[in-house]
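Below are two complexes that have chain A in common, paired first with chain B and then with chain C.
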Partner chain A sequence: MSVSELKERHAVATETVNNLRDRLQQRRLQLLDTDVAKYSAAQGRSPVKFGATDLVCCRTLQGHTGKVYSLDWTPERNRIVSASQDGRLIVWNALTSQKTHAIKLPCAWVMTCAFSPNGQTVACGGLDSVCSIFSLSSTADKDGTVPVSRMLSGHRGYVSCCQYVPNEDARLITSSGDQTCVLWDVTTGLKTSVFGGEFQSGHTADVISVSISGSNPNWFISGSCDTTTRLWDTRAASRAVRTFHGHEGDVNTVKFFPDGNRFGTGSDDGTCRLYDIRTGHQLQVYQPHGDGENVPVTSIAFSASGRLLFAGYANNNACYVWDTLLGEIVLDLGELQDSHKNRISCLGMSADGSALCTGSWDSNLKIWAFGGHRRVI
Partner chain B sequence: MMEAGSSNSSGQLSGRVVDTRGKHRIHAELKRLEQEARFLEEELEQLEKMDTASASCKEFLDSVESKPDPLLPETIGPVNATWDQWFEGPPEAKGCGCFIL
Partner chain C sequence: MASTSGSVGGEVTGVPPLAKSALPPPRPKSPPEYPDLYGKRREAARVQMLEREIGYLEAKIKFIEGVQPASRCCKEVSDFVVANSDPLIPAQRKSRRHCRFWKWLCCVPCLSLASFCCCCQSECSCHLRKPKCCNCTSCSCIGSKCCDGSCCSNICCCPKPSCPSCSCFRGCCCSCPDLSCCIPTCFRSCSRPSCLNKKKSSCCSCNCKIRWSSCFRCPKVRLCCCFCNCKNLCSNPCCLTF
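Here is the complex of A and B:
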């Protein structure tokens, strides 16, 4: 076939794909007969009401000397690892506020960090395009330098996010500016699977965030600057299971809902969205009111039941608490006592759901918990 | 990679050369587009039998209301003893405030 014939077929195929996408969008709109907020209001639900001192900042973790970019909890025992512009990973005991480790990184440009399920190793990645693994039982020199126990090399762009597969200390997923996600075998340092990239369909721009399902660890979602979120099955890397549209800007953060059947996203377009995995429906848009410009969402976390969605934004120190059922903001952590002094860049919920940790450009982490009177139904 | 052709003394290629690298690229993109079209058609078929959003909203509501939540003022039980661990011991533990320099 000649080049010109190929180009013609290419143009026809592009048109076919665009038409199919339009038809899909139309059909989805027809199926969107309601959203969660309208449905819940019709079922007689009312918004969560917080008293003035219900959610409180009960710890401030001080020690970083630069912006905090990322944080992760252990699955147990209340430890947190955080990564900062100061080129360090710090491991905290969140209950006592003590630092147990302060690891000086070989590459200071770190963007993400994660705790292994057994709590014995931490992973981090950033502009060096590598995901580095450190053992917490290694001895640091007086500078805080710890030998890297494994380097996961192969990405051709920055490592934006990393997460260990739940209950598997030897498997980890990264997302990258090279438009791919990779599942790694930490023991060998080799790639097990690549999701997207040159040779198979996937994201068409930088991938910024991943989240692995707690209820089905074969599934994970990735959010990208191509405005989509994709659901992947680690057993079939050649194509995404489903692609979720709706956002009008970079998807900066994705998080599975506690039951694993839904997920939330946050974007540069200023909204958070809730999607259903099985049907692909966009169930709700969480958009702050106001005439101002849309302020990008930097990070999100769900409370244990999913009733609350915490969202950090790229302006002052706002962290809106959304009632996910009614689609309303019920609190702003930025207006509480002891709130952060700069934007919140990362959020994480503790394993038992009793505490939210926020990390900020003010170089601190804070722990928030419910200190009010609790009514048990 | 270039198919054989002639080049002049400055190394430029004559018009008879075909850039097969370009041809391979277009071919690969075409294959990807055709595959994408098949995926989209499959998805359209699934959508024909798909429930409306209200069914998913009901599932969502049921899921949220079935789980205990430590951060809510009102929640179903059971309550876990660790929920209040943050308020036990010395109030607002000052903890370690040293800075890493």
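Here is the complex of A and C:
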């Protein structure tokens, strides 16, 4: 076949692709007969109302000397690991605020950290393109340097996010600026699967965040600067199971909804969105009202029931609490007493849903919980 | 036709002279047309990708024909939320419920003004206290002061003077006028690193010994601050503005 014939086939195929995409979009729009807020309002759902002291800051974890970029809870035992611009990982006892470990990192430019399911190791990654694993039972020297147990090398760009597969201490997923996600075998340090990349259909820009389903650990979602979120099956890496469109800016953060069949996203376009993974529907858009320009969403977390969506934004110290059913902001943690003094960069909900931890550019972490009934002195 | 004969510098015999206009002018040959194999293969690869995409899209259209409308998904979300309890949501009724959270968090007695418990009245003996602005004389930082009314902690609230007089002291860092990416420490004794930019800012220079073996590709490239300069030691390779 000659080049000219190929070019003609190319043009025909392009037109076919565009027509099919239009048909797909039209069909999707027909199926979007309502959203969560309209449905819930029609059902007469009562709004969530917070009193002035219902959600309070119960702990302030001080120790970092730079911006906090990432945090993660243990599945149990109430410990938190945090990563900071100061080049350290700190492991905290959330109950007592004590630091149990302060690990000085070989590369200070860390962007993400994660606790293993058994709580015995922590992983981190950043601009060095490597995901480093540290054992918390290793002895640190006087500088706080802990030997690296394993280095997961292979990404060609920064490691933006990492998460252990639930209940599996030997498997971990990373996302990267090289447009791929990788499933690693921590025991061997080798890649098990690569999702996306040069020869596979995947994200077309930096991947910024991942979230693994708690109910089906074979599924995970990734958010990217190509404005899409993709659902992957770890057993079939060649192509994403589904691609979710809608955002108009980088998708900075993704989190599974507690039921495992939905997920939330936060983006540079200033919105959070709720999607259904089985149908691909965009169920709700959470957009703050206001005349100002859209403020990027940096991080999100769902409460245990999914009724509350916590979203950190890139301006000041705002952390809006959204009523996910009615689509309304019910609280701003940034306006509460003892709130952060700078941008909230990361959020994490404890395993039992009773406490939210926030990390901020003010170098602190804070733990928020329900205040209950009290007398104020 | 007049014939021209003769030659310069001598007689030529036995060879009839050729007319000048009989031969066509020399014309170099064009190179043979080689097939553009690379271009053809590249085009074929593109067509193959598009045809594969057509297959995927047709599968998606077939899939979506059997997909339930969004309203049913919304119902599932609503039903799930209502059916599951949430420790962070205020009780709808005034009667107190078992505060399982307080057993988790209020096990540490309230011993100092710097901490407080959030208590159910029957569960904990302490009360919520508003933190007072403490007397910061016990802070060993030079020039430290109370920060916004909260009590002093182990980390002193160091002032943040503007550059260039600022020096890193216990992690406090000045703000660079051009970039918001001063790191508090470079390498132990090092003072603030230089702020990378084409025009020098007033931040001090750094004598850090950390060396990077390769350039970084910066996340979310911003015009102000992400560039690769392997020769600049210990400076923040990227302004992590995300």
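Operating definition for what follows: the second predicted complex is superposed on the first by the 358 of 377 C-alpha atoms of A that agree within 3 Å, B and C clash if a C-alpha of one lies under 4 Å from a C-alpha of the other, contacts with A are read in each partner's own complex, and residues count from 1 in each chain.
FYI, a residue touches a chain if its C-beta (ideal position, glycine included) is under 8 Å from a C-beta of that chain, and two chains touch if they have at least 3 such contacts.
As the structure is a computational prediction, the values presented were derived from the model and not from experiment.
Undergrad: Between chain B and chain C, positioned on chain A by superposition, is the outcome a clash or a fit?
TA: Aligned on chain A, chain B and chain C clash with each other.
Undergrad: With both complexes overlaid on chain A, does A:Met111 touch chain B (first), chain C (second), both or neither?
TA: In the superposition, A:Met111 contacts chain C only.
Undergrad: Output check: A:Ile208 vs chain B and chain C. Expected answer is one of first, second, both, neither. What do you get?
TA: second
Undergrad: Taking the superposition on A as described, I'd like to know which of chain B and chain C A:Asn252 touches: first, second, both or neither.
TA: Second partner only.
Undergrad: Once the shared chain is lined up, is A:Arg77 touching chain B (first), chain C (second), both, or neither of them?
TA: In the superposition, A:Arg77 contacts neither chain B nor chain C.
Undergrad: Between chain B (first) and chain C (second), which, if any, makes contact with A:Gln98: first, second, both or neither?
TA: first
Undergrad: In the superposed arrangement, does A:Lys67 touch chain B (first), chain C (second), both or neither?
TA: second
Undergrad: So, does A:Gly157 touch the first partner chain B, the second partner chain C, both, or neither?
TA: Second partner only, chain C.
Undergrad: Between chain B (first) and chain C (second), which, if any, makes contact with A:Arg88: first, second, both or neither?
TA: After superposing on A, A:Arg88 lies in contact with chain B but is clear of chain C.
Undergrad: In the superposed model, where does chain C crash into chain B, at 110-118, 128-136 or 182-190?
TA: Clashing stretch of chain C against chain B: 110-118.
Undergrad: Intersection of chain A residues contacting chain B with those contacting chain C?
TA: On chain A, the residues that contact chain B in one structure and chain C in the other are 3, 6-7, 9-10, 13-14, 16-17, 20-21, 23-24, 27-28, 31-36, 39-40, 43, 45, 48-51, 54-55, 58-59, 62-63, 65, 78, 86, 95-97, 239, 257-259, 261-262, 274, 276, 279-281, 283, 303-308, 324-325, 352-356, 369-377.
Undergrad: What part of chain C is in contact with chain A in the complex they form?
TA: Touching chain A: residues 36, 39-40, 43-44, 46-47, 50-51, 53-54, 56-58, 60-61, 64-65, 67-71, 73-78, 80-82, 84-90, 92, 96, 99-102, 104-105, 107-108, 115-121, 127-131, 148, 150, 153-155, 170-171, 183-185, 210, 216-220, 236-238, 240, 242 of chain C.
Undergrad: Which residues of chain A touch chain C once you look at their complex with the stated criterion?
TA: 1-3, 6-7, 9-10, 13-14, 16-17, 20-21, 23-24, 27-28, 31-36, 39-40, 43, 45-46, 48-51, 53-56, 58-60, 62-63, 65-67, 69, 78, 85-86, 95-97, 108-109, 111, 127-128, 157-158, 160, 177, 206, 208, 225, 239, 250, 252, 257-259, 261-262, 274, 276, 279-281, 283, 298, 303-308, 324-325, 337-338, 341, 352-356, 363, 369-377
Undergrad: Along chain B, where are the residues that touch chain A in the complex?
TA: Those residues of chain B that touch chain A are 18, 22-23, 26-27, 29-30, 32-37, 39-41, 43-44, 47-48, 50-54, 56-61, 63-77, 79-80, 82-87, 89, 92-101.
Undergrad: List the residues on chain A that touch chain B in their complex, please.
TA: Answer in residue numbers: 3, 6-7, 9-10, 13-14, 16-17, 20-21, 23-24, 27-28, 31-36, 39-40, 43, 45, 48-51, 54-55, 58-59, 61-65, 78, 86, 88, 90, 95-99, 102, 144, 201, 239, 242, 257-259, 261-262, 274, 276, 278-281, 283, 303-308, 324-325, 352-356, 367, 369-377.
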